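Order of writing sets the labels: A, B, C and D. Residues in every chain begin at 1.
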Amino acid sequence: MFLIFLILVKGISVNAYDTPNDDGSSVTVSWESDIPYSSILILRSEQKDGVFEPICEARVGRNDYQDTLIVRGTFYYYQIKAMTDEGEIISAITGPTVASVQVFNTGRLNIFVAIIILFAAILFYISRAKREKLFIRKIPALAAMDEAIGRATEMGKPVLYVPGIMDIDDPQTIASMSILAKVAEKTAAYGTTLYVPTARAMAMSMAQQVVKEAATKVGRPDWYIADNIRYLTDDQFGYVSGVDGIMLREKPATNFYLGVFYAESLILAETGHSTGAIQIAGTAMPDQLPFFVAACDYTLLGEELYAASAYLSQEPVQLGSLKGQDLGKLIFIFVILAGVIAGIVGFQGFYNLFISVH
Amino acid sequence: MHFFDRIAKIDRRIIFLLIGLAVIIPLIAPLGLPVDITAPVKSVYDRIEAMPEGSIVVVSIDYDPGSEAELYPATLAFLDHCFRKNHKVYMMGLWAPGITLGNIAFQEIAPKYNKEYGIDYINVGYKPGGAVMLLTLGRNVADVVATDYQGLPIDSFPLGRMVKNSRDMDLVMTFSAGDPGILHWIIYFNARFGTPIAGATTAISAPRQYPYLSSGQLLGLLGGLKGAAEYETLVGRVDRATAGMDSQSIAHVVIVLFIIMGNIILVWEHRRKK
Amino acid sequence: MKRTLPLTIVLGCGIFMLIAFFVPVRWFQDASQTLQTWYLGVIAFFVFIGIFNLVRINVLKIQHKRRDWQFSIFLLIFLAGMLLAGFIGGPDGTVFLYLFQHFQIPLSATMFSLLAFFVASAAFRAFRARNPEATLLLIAAVLVMIGRVPIGVWIWKGFPSLVEWIMSVPNTAAKRGIIFGIDLGLISMALRVILGIERSYMGGKD
Amino acid sequence: MLTTIGIWIAAFLTLSIYSFLYKDNPFYKAAEHIFVGVSAGYWTVYLWFNYALPNLFLPLFRDGNLWYIIPVVVGFMMFAPLIPKVSWLVRIPLTFTMGISMSLFILQIVQGDLLPQLQATFLPLTGIPPFQVFSNILIILGVIFTLIYFYFSKPHKGALGVAAKIGIWFMMVSFGAHFGYTVMARISLLIGRVFFLLHDWLRII
């Protein structure tokens, strides 16, 4: 009786199985030991009563090993040997195990489902937006835009538009360009000068095109001056000192900072404030929002930058995606509430749905 | 001219001067304010203490000279702790300039504990490619790491041979100044492979990490120079981070006074308009 | 051609990578790995073009003797020096590392540290409690600034725990909400780009 | 000796940049341009040796893998805008990289951000101390109200308006905290430079 007890306590058990969700290139060997060991030796054989060859020595602290040196379709048997203070301990043989191909990674099913839901929501509303007009709430900073441009016109001073320091493949720059189109329309209509310095060559050509089209649209093609939309330099600090120079020389009455910003946000907002300009900022860079909020008159917070671009352009695609994102947010809220309730009633299964297998 | 008017129009160079003095004077004449320890720093320290000797710590130097002031002292304190506990340090970097900085740190700490390159620590160099690279690294280290930073074959070093994939990494410690950095380690590496991630970040990116701390995706966090000073205190090495804390304190007080002064002027201007 | 080919590429690469994530079959994994390697190589060119533009603009500046053109000579000399050192001695060569350590490190660190002065002057001149929101922001900022440094503990023992609570409760909640919003925005933008619904980044009319 | 010269150069450049605080001057301008030149050179060298060479040119020229002609050609298309006639070719590298990065982005945002962050918000409200319950409720409500602020499909009136308003307050506290940390970071950098000047250069501390 005592002996049996000892074996049960001081045992080492091994288990081998086809590694889930792989292409059939490995077998996972896992073990449990009740006794501290200094090293583990993994042995393998193709026959249960054959010769077991060592294939790997595992480090302490690990309790599994992926055997990738296998032939797919071959059956394997495993056994492990642990070195302990009391000598070698050998486990029972486990097997046969065979590796096989999986076509779908079931460990990532929850990711798959989440993506499908989000895609469906966005695409559904995009297609609906093409048929009917979707509502987007007013965004306070945008109402201020007209007023700010009007003020510059009254004072006879220019408007400065900074589209961020990233290139046109960044979503924020894309959003900024559709806001620029509206700003350009307004300034062109009033005949107010508009400066757009950029930090990327491609952003410059896009901005030129956007502004030119806006001028034509309001019937003022003569207003457009290509030289006011200039590429300064790719370098962050070089760009900022260039923009600062424009602010100090031309003294614009209204500054827009919309797009991607890093450390330069503070320098821009501080200089702009010192020249007495009305400042409207917007970025989805959470790190830079505090400076804009504290030093600018109006700030588009995070996702509002995208919403503003949808609101102004009234393009079905943008409006529809925004609506789809809103549905996503509603789903999130319900999921959070459901999760909290599941916690209260002690339903762990709901919690586990959100874990993806490593 | 009213007093407040004159203050409001003060030359900003005077403000610059005051800030300069607030930093310089306490460095020359320290006050010796004690450093308090916060929970996210303690949990990094505790993990290093708790891991068995010989554990492999991946140290990723994801910053450049622009953030050296904040992150280099943390790097020193952390390496000191790892070597003292006889852990093995596997260094890499997501930012090119980080590798040089990491090597300078090794030169400063390793001799103190008689640690040998290739056995106790190694530097596998700059690994570009951000997310894509991390996903490959976790799956199969050899796909990304063929040599160490000097171009010597990785298999010629005992420590190089020990790290095959994410399962051989007991902890990843990133010293991160931005992008790519800590966020990549969390949402790509930890999510895909489950390896515990801890980090030291610039103070700017520290608040952004709190959601990940509370979700457990991030094990612990050293925020800015203060985080480094806390770690120095825990490890018992009084160095430049701790020395800087007095300046940090005084400069903060000066800036807070500026904010208060600015707002008193705002209130005063409002009153006068009425 | 000018539009269809690029749109086919973005659609093909995007959809393939999405599928490969869920399908552990070897062929898919290898192909997605190759595409990722190519991607790493190609993105280097994005920076090369930026540096090319930098050189071009400075050469033009010198040619036309625009304001401060003399300084552009410094820029080009040091750029050339760095390139020579790097391409002849390699990225771990002595000269390259020397330039890095004694030029790049101090310059870049000092440039960013200038912001300490600007933040002080902004604190005085620009950061005003104009409305309830800005007031709340400034109060939280002041609490964190004082509570996060040793002098805070000296003023009041409870400061560190108060700040830690602000960071891990209201800050975490708001950051998480913001992250959800931004993530949704990015996912929808990414989907539109892959499906070719969003194509403004290509610029041009044709 | 070389190191000493290096420290003197570094100190000179540091002071040149700080001279800008007094006023813009040739020393600052020179230091700024040197900075831009050095870092542009640095990045070119590093990207060449770490991105372009190992991922494109070595496989092509050393290993003779002809497939790698494709990405090399695609990479060079970045320069297409210099020739107006074929400038549209720049769209090929652009769409190629966007296709890859956008899809990876979607996958990782969902796996690494959305699912774990949602899960982390399922906070327990029972069996923990009262203050913890209060904090947890605050986090849950804070996340929900912030999300409501970013809900654009309905006007912010009535209950929705109140919720959105509370959402803003949460965000403002968070921005304030962030603000404080950013100030901290900038001051730390200044401390780093002053430490260098006083310790490494002047050796008075």
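Miscellaneous remarks
The rule is short, and it goes like this: contacts are C-beta pairs under 8 Å (C-beta built on N, C-alpha and C of every residue); 3 or more make two chains touch, one makes a residue touch a chain.
Just so we're clear, the structure is a prediction, and the values are computed from it rather than from any experiment.
Looking at chain A and chain B, the chains that touch each of them are C, D. Centre-to-centre separation between chain A and chain C, using Cα means, comes to 14 Å. Rounded to a whole number, the gap between the C-alpha centres of chain B and chain C is 18 angstrom. Residues of chain B found to touch two or more other chains are 12, 16, 19, 23, 66-69, 97, 128-129, 132, 191-192, 204, 207-208, 211, 214, 226, 248, 251-252, 255. Counting partner chains per residue, chain A shows two or more touched chains at residues 108, 111, 115, 118, 169, 201-202, 205, 233, 235, 237, 266, 274, 286-287, 290-291, 293-294, 301-303, 322, 329, 332, 356. Shown for chain D are the residues that touch two or more other chains, namely 21, 32, 35-36, 39-40, 42-43, 46-47, 50-51, 94, 97-98, 100, 104, 106-107, 109-111, 113-114, 116-117, 119-121, 139-140, 143-144, 147, 149-150, 171-172, 174-179, 181-184, 187, 189-190, 192-193. In terms of inter-chain touching, the protein chains here all touch one another pairwise. The part of chain C that touches chain A in the complex is made up of residues 18, 21-26, 29, 46, 49-51, 53-54, 57, 111-112, 115, 118-119, 121-122, 125-128, 130, 133-134, 137-138, 141, 175, 178-182, 184-192, 197-198, 200-201, 203-204. Chain C meets chain D in the complex at residues 2, 5-7, 9-18, 21, 34-49, 51-52, 54, 68, 71-72, 74-83, 85-87, 90-91, 96, 98-117, 119, 123, 133-134, 136-145, 148-149, 163, 165-181, 183, 186-187, 190-191, 193-194, 201-202, 204, 206. By the touch rule above, chain B contacts chain D in their complex via residues 13, 16, 19, 23-24, 27-28, 66-70, 96-97, 126, 128-129, 131-132, 186-188, 190-192, 202-204, 206-208, 211, 214-217, 223-226, 240, 243-244, 247-248, 251-252, 255.
Residues 108, 110-111, 114-115, 118, 134-138, 169, 201-202, 205, 233, 235, 237-238, 241, 266, 286-287, 289-291, 293-294, 301-304, 307, 322-323, 326, 329-330, 332-333, 335-337, 339-340, 342-344, 350-351, 354-356 of chain A touch chain D in their complex.
Chain D contributes residues 21-22, 42-43, 46-47, 50-51, 100, 104, 108-109, 111-113, 116-117, 119-120, 139, 174, 177-178, 181-185, 187-195, 198-199, 204-205 to its touches with chain B in the complex.
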